[in-house]
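A single structure is presented below for examination.
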Amino acid sequence: MLVRLRKNVPEPERAAVLALAGELGYAVRALEPRRELLELSGRGAPDHRSRFEDLAGIEAILDAGEARERFQRAPLAPDTLVQVGSGRFGAGHVTVIAGPCAVEDEARLLEIARGVRAHGATVLRGGAYKPRTSPYSFQGSRERGLEMLARVKLETGLAVVTEVLDTRDVEAVAEVADLIQIGSRNMANSALLSEVGRLRKPVLLKRGFSATLREFCLAAEYVLAGGNPHVVLCERGIRGFDPSTRNVLDVGAVAALKRMTHLPVIVDPSHAAGRADLVRALARAGLAAGADGIMVDVHTAPSEAHCDGHQAISLEEFAHVTADARALASLDGKRLSTLVESARIESTCVELAR
Amino acid sequence: MLVRLRKNVPEPERAAVLALAGELGYAVRALEPRRELLELSGRGAPDHRSRFEDLAGIEAILDAGEARERFQRAPLAPDTLVQVGSGRFGAGHVTVIAGPCAVEDEARLLEIARGVRAHGATVLRGGAYKPRTSPYSFQGSRERGLEMLARVKLETGLAVVTEVLDTRDVEAVAEVADLIQIGSRNMANSALLSEVGRLRKPVLLKRGFSATLREFCLAAEYVLAGGNPHVVLCERGIRGFDPSTRNVLDVGAVAALKRMTHLPVIVDPSHAAGRADLVRALARAGLAAGADGIMVDVHTAPSEAHCDGHQAISLEEFAHVTADARALASLDGKRLSTLVESARIESTCVELAR
Amino acid sequence: MLVRLRKNVPEPERAAVLALAGELGYAVRALEPRRELLELSGRGAPDHRSRFEDLAGIEAILDAGEARERFQRAPLAPDTLVQVGSGRFGAGHVTVIAGPCAVEDEARLLEIARGVRAHGATVLRGGAYKPRTSPYSFQGSRERGLEMLARVKLETGLAVVTEVLDTRDVEAVAEVADLIQIGSRNMANSALLSEVGRLRKPVLLKRGFSATLREFCLAAEYVLAGGNPHVVLCERGIRGFDPSTRNVLDVGAVAALKRMTHLPVIVDPSHAAGRADLVRALARAGLAAGADGIMVDVHTAPSEAHCDGHQAISLEEFAHVTADARALASLDGKRLSTLVESARIESTCVELAR
Amino acid sequence: MLVRLRKNVPEPERAAVLALAGELGYAVRALEPRRELLELSGRGAPDHRSRFEDLAGIEAILDAGEARERFQRAPLAPDTLVQVGSGRFGAGHVTVIAGPCAVEDEARLLEIARGVRAHGATVLRGGAYKPRTSPYSFQGSRERGLEMLARVKLETGLAVVTEVLDTRDVEAVAEVADLIQIGSRNMANSALLSEVGRLRKPVLLKRGFSATLREFCLAAEYVLAGGNPHVVLCERGIRGFDPSTRNVLDVGAVAALKRMTHLPVIVDPSHAAGRADLVRALARAGLAAGADGIMVDVHTAPSEAHCDGHQAISLEEFAHVTADARALASLDGKRLSTLVESARIESTCVELAR
């Protein structure tokens, strides 16, 4: 590890650094006369970097060396493959998730589920608990929504992803969901992250809309550190300054994340664009940048949607999106997941491939 | 209310708007031949705007008219005054909150508390539950931290503000805290906001680091709508692009918020700057922009702090900060809260002044 | 046109709006009792919207109606095709621009030019005048660089794009360049935009790194209004907050621009990424989002580059980039421009297709 | 100097670094076995850092040591004082600049000039050449505007600041202006910066709305390196994401700049806010953060302003602003500049105090 102390660091702060280094088994060598640049030799562990960064005397960790966090890509180690029903994410597999923003009416949900299944989706999205900006907006059908999702899942064979908002609801959501979503607004909700880290179910973690990639990966680390290796990252647009689109889909983040981490990365073009007419272009861009899947808002009657109706695409448009996904996957020698009729619907977690 | 429908809105979407208008008792008049601009006349209520915005047919609410949310400043209505121990926020009162970022050692905490009390703080800050980017960073002393805060509060007569991270901890935190903090990372955590909305204790709500002012105020609305009128807003810096400061203290937001809402607004210069040498300047700037208080990280031995040691100021520097606060308050004819020995320490909530 | 006046607009401000409406031949009708919402009927012209926006009484132009600026896509009107040597941009044509960031050594430039030509580039990029953050950084080979570009152009048959920084250099640059670049830092340099608007040579306009799409298009309007219809827009990354990439390639902007304007839009993945290993992924993402071309930094010996060596890709990597471009273009039924030996090298401007 | 090479830097790139070090007279020592961390000992000069940064092998300059740019504050060196007519900026002096956004009508200009003079302004602002987003917006009265400014300056004794947009106009503007403004949109226009660097007249350089502080200071360095030491920096708001204010006044930048550079720093609250009702609060905040002056849009009849009428404040409000400035200056032991009748109006440049 290569560590830089603060300029003119007071002696007690330097001592605290040396003490921690000793405790963690590192040999320390000062690299220049002012002794502000330290080389630490020893065996790294996932928690070391953060523990040094906690110290007031540390200016920066210039090189973490072997102290690699769990999310980090190690040389030669394979990608993690996360399996959710028939859907596979990562390690050469691409999956399409689709469905309504919110679960409202069961007949409608079933209609949409059958529609997206017909066009190539293997995972159904649908919010039962909805995080909303205003307390007066529709907050989701909650328990009733989970029940609808459970029945539609049985009926269609699609796996299900749905969001959890409260530590107290994790168990109930995990009973129905094959993939548990932590939304953007809760990306830094460490209590919730720790709670889903106790599960052995795949977790879909959406990037906070102003989170750096390191902050995003460290949020995933809360889940991984809890013992749950099945995390799918989702880029969904960062906050920008232009009113033309709701958010800015950060395709550079997709490409950079694929180099930083072995975890699968998908994109959500619907929330990024905030307008239906751009969804197809953004889905293509995300996949072309290397995403392992997409998550798309689809609705058969946007006018009746209680939330985010503007951004839902029709089944016709969705057919174009999945055709694009198939073409782009094949261009890259990747496989687009298809529904396996006999697949046990519960998520069968593949061992973490490290 | 003046409402604009989406261009070429389909008939069912228009019908849904008219149906909601009818349900809420509004008379509707189309203002131009295309009937995309509607004037709704009737009595507004806090939830109306959000309910219209939920409809897919709505392009924008151009003028909400009488449909005013609870956070909004009504013409001629007085400011809300929130009282926390001896500290008063808003309606001409300015309060200084100070203390360590995290509660670690009781003797140290007491030393700091006495120090900041001597220089004019009336509320002690100190994190027992710490939200951290990395799962390996110090997560706070938790229950033990709450106990230390309780004892130091008794000992010093200072009121206490501390953060809650999990809905399941709200009760325990509320037993000790006179002012319950919801941090930036949880500003949009609706489950947590609703939970503190059930209390009758003052809540300090920090702005998410990329939240718009309307999003910020609607987060406060979750608390207000739950029946808890005692909310203090805190601007603590927004995410910027320049590495010189950790965040950008948005003093324009302070000034704009004072016009949008009757709630008190304070600033946190320590988290905005992320470096001790700028704290005093930012505290001054926030107060000069109209803030009703400041919250400052102070530590007597920054080198021993387990988090954010770089940004804590010394007692000497803090003396300058409070002197500035006193001078600026007097320039504006405001009163800086001082410790009233006989004050009952529990927060005595003043009735919401509306 | 649908115009909204400021709330409680003073009478002289209202009168100024009505006077301008009269002067421009609009009939005015107030849509509601407060007379703050005005419908203007009449024939629009490109300058009308801006002229109304100049008035202090105007809150917003809700709908510009027929007052369409020159950059705007009109219903049913075809895309503009800009031709630069053998390269065609827009209207179903995709072109690859490649070359070194800066022109330094003629032998090296020729080597790179031949290399990129072999792999499918039809336009050579190379900066003679370099805009640099520091006055002490290499400012380009200037006139000598232009001469090298002129000779390499003759030698290779590639068309040439190079940047102009000063109104006084426009003529000299236009003598050599087939496509004149206005860089990001000068996107809002109205003097320079007006100057190239006087030419009849194609202009490559790069988006300022914090410009909204409307600001970007209005910068192009300076050129169009001057009588030069040959403008290619280039998205090159917006300023973000994450240090992983230098800028954020805004692929949503590409998709949104293609809907706003008839002008061709390309992307510059090299300046967006700021690191060579992400260039290919970003080039793919841009094209998948609908871009009409890409501009890529290529160097045969990055270690000798005097600027932006980190982001230049090798010829081997460039071969992958053009193969991707060919595959993506064919997926969309677009044509990738190829070098026509007999092509007159000077840019032969196609009539503006409107 | 402490320099970090790129990881696994190729040999020619390392050699290029060593060659430059030799050329500039530095002795080089590798600090660790991989030889990626180099200590360079020798005499620094303003251009050294940028020249190293130009090399592809350099990852970062960790510590520039003695290689200090001209804008940088040197230990123990005094602040630069820039004098413009009766106005003094920096080194304990605060100056108020005020006037209309654009110069339109001479009688009106004179009225405003007399008004702001009566309330304590010593420098008159007024745009003759206006940088506008749209080519159809009012572009300023140009030469005629300069003539009006010249006459009003004679009449009132106020010094004048006005903007230059084109290298070809620098001479004409410098004949009238006592302080030559480079606007935000041209902050990175190196041709224009170099041109005003040839003058010996004070330059007011506004921060680009997404420029980092280092980019801002390096733009000033273009002027300083040209031999003109009289630069005043102006923070005028950075681009944000919230529509409540047009820009975000970055008071942390003011405080940080005062530590980075010896140059005076002022704020422009009018362009930051974009709305008149927040100007006073932002002016106060900027001064409280340590600014050496303010520049405010004032108009006696905002309804007749051809640009930015929304943000201009009245003379009554301006009286409050200058009263605040006086109070805040006196709180800090600074002096607010007042009009000296006998002052020669041409800017009498004080020798650069270094």
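Labels for the chains are A, B, C and D, by order of writing; each one numbers its residues from 1.
Keep this in mind: contacts are C-beta pairs under 8 Å (C-beta built on N, C-alpha and C of every residue); 3 or more make two chains touch, one makes a residue touch a chain.
Not measured: the values here are computed from a predicted model.
In summary, the chains found to touch both chain C and chain D are A, B.
Of all chains, the one whose CA centroid is most distant from that of chain C is B. In whole angstrom, the spacing between the mean C-alpha positions of chain B and chain D is 34. Chain C has its Cα centroid 43 Å from the Cα centroid of chain B. For the pair chain A and chain B, the distance between mean C-alpha positions equals 29 Å.
Residue numbers of chain C whose C-beta contacts span two or more other chains: 210, 214, 239-241.
On the chain B side of its complex with chain C, the touching residues are 2, 4, 31-32, 37, 39, 62, 239-241.
Within the complex formed with chain D, the chain C residues making contact are 6, 10, 12-13, 16, 46-51, 53-57, 69, 131-139, 165-168, 185-186, 188-191, 193-194, 209-210, 214-215, 218-219, 221-222, 225-226, 239, 301-307, 309-310.
Across the complex, chain D meets chain B through its residues 210, 212-214, 237-238, 240-245, 247-256, 258-260, 272-273, 277-278, 281-282, 284-290, 327-328, 331.
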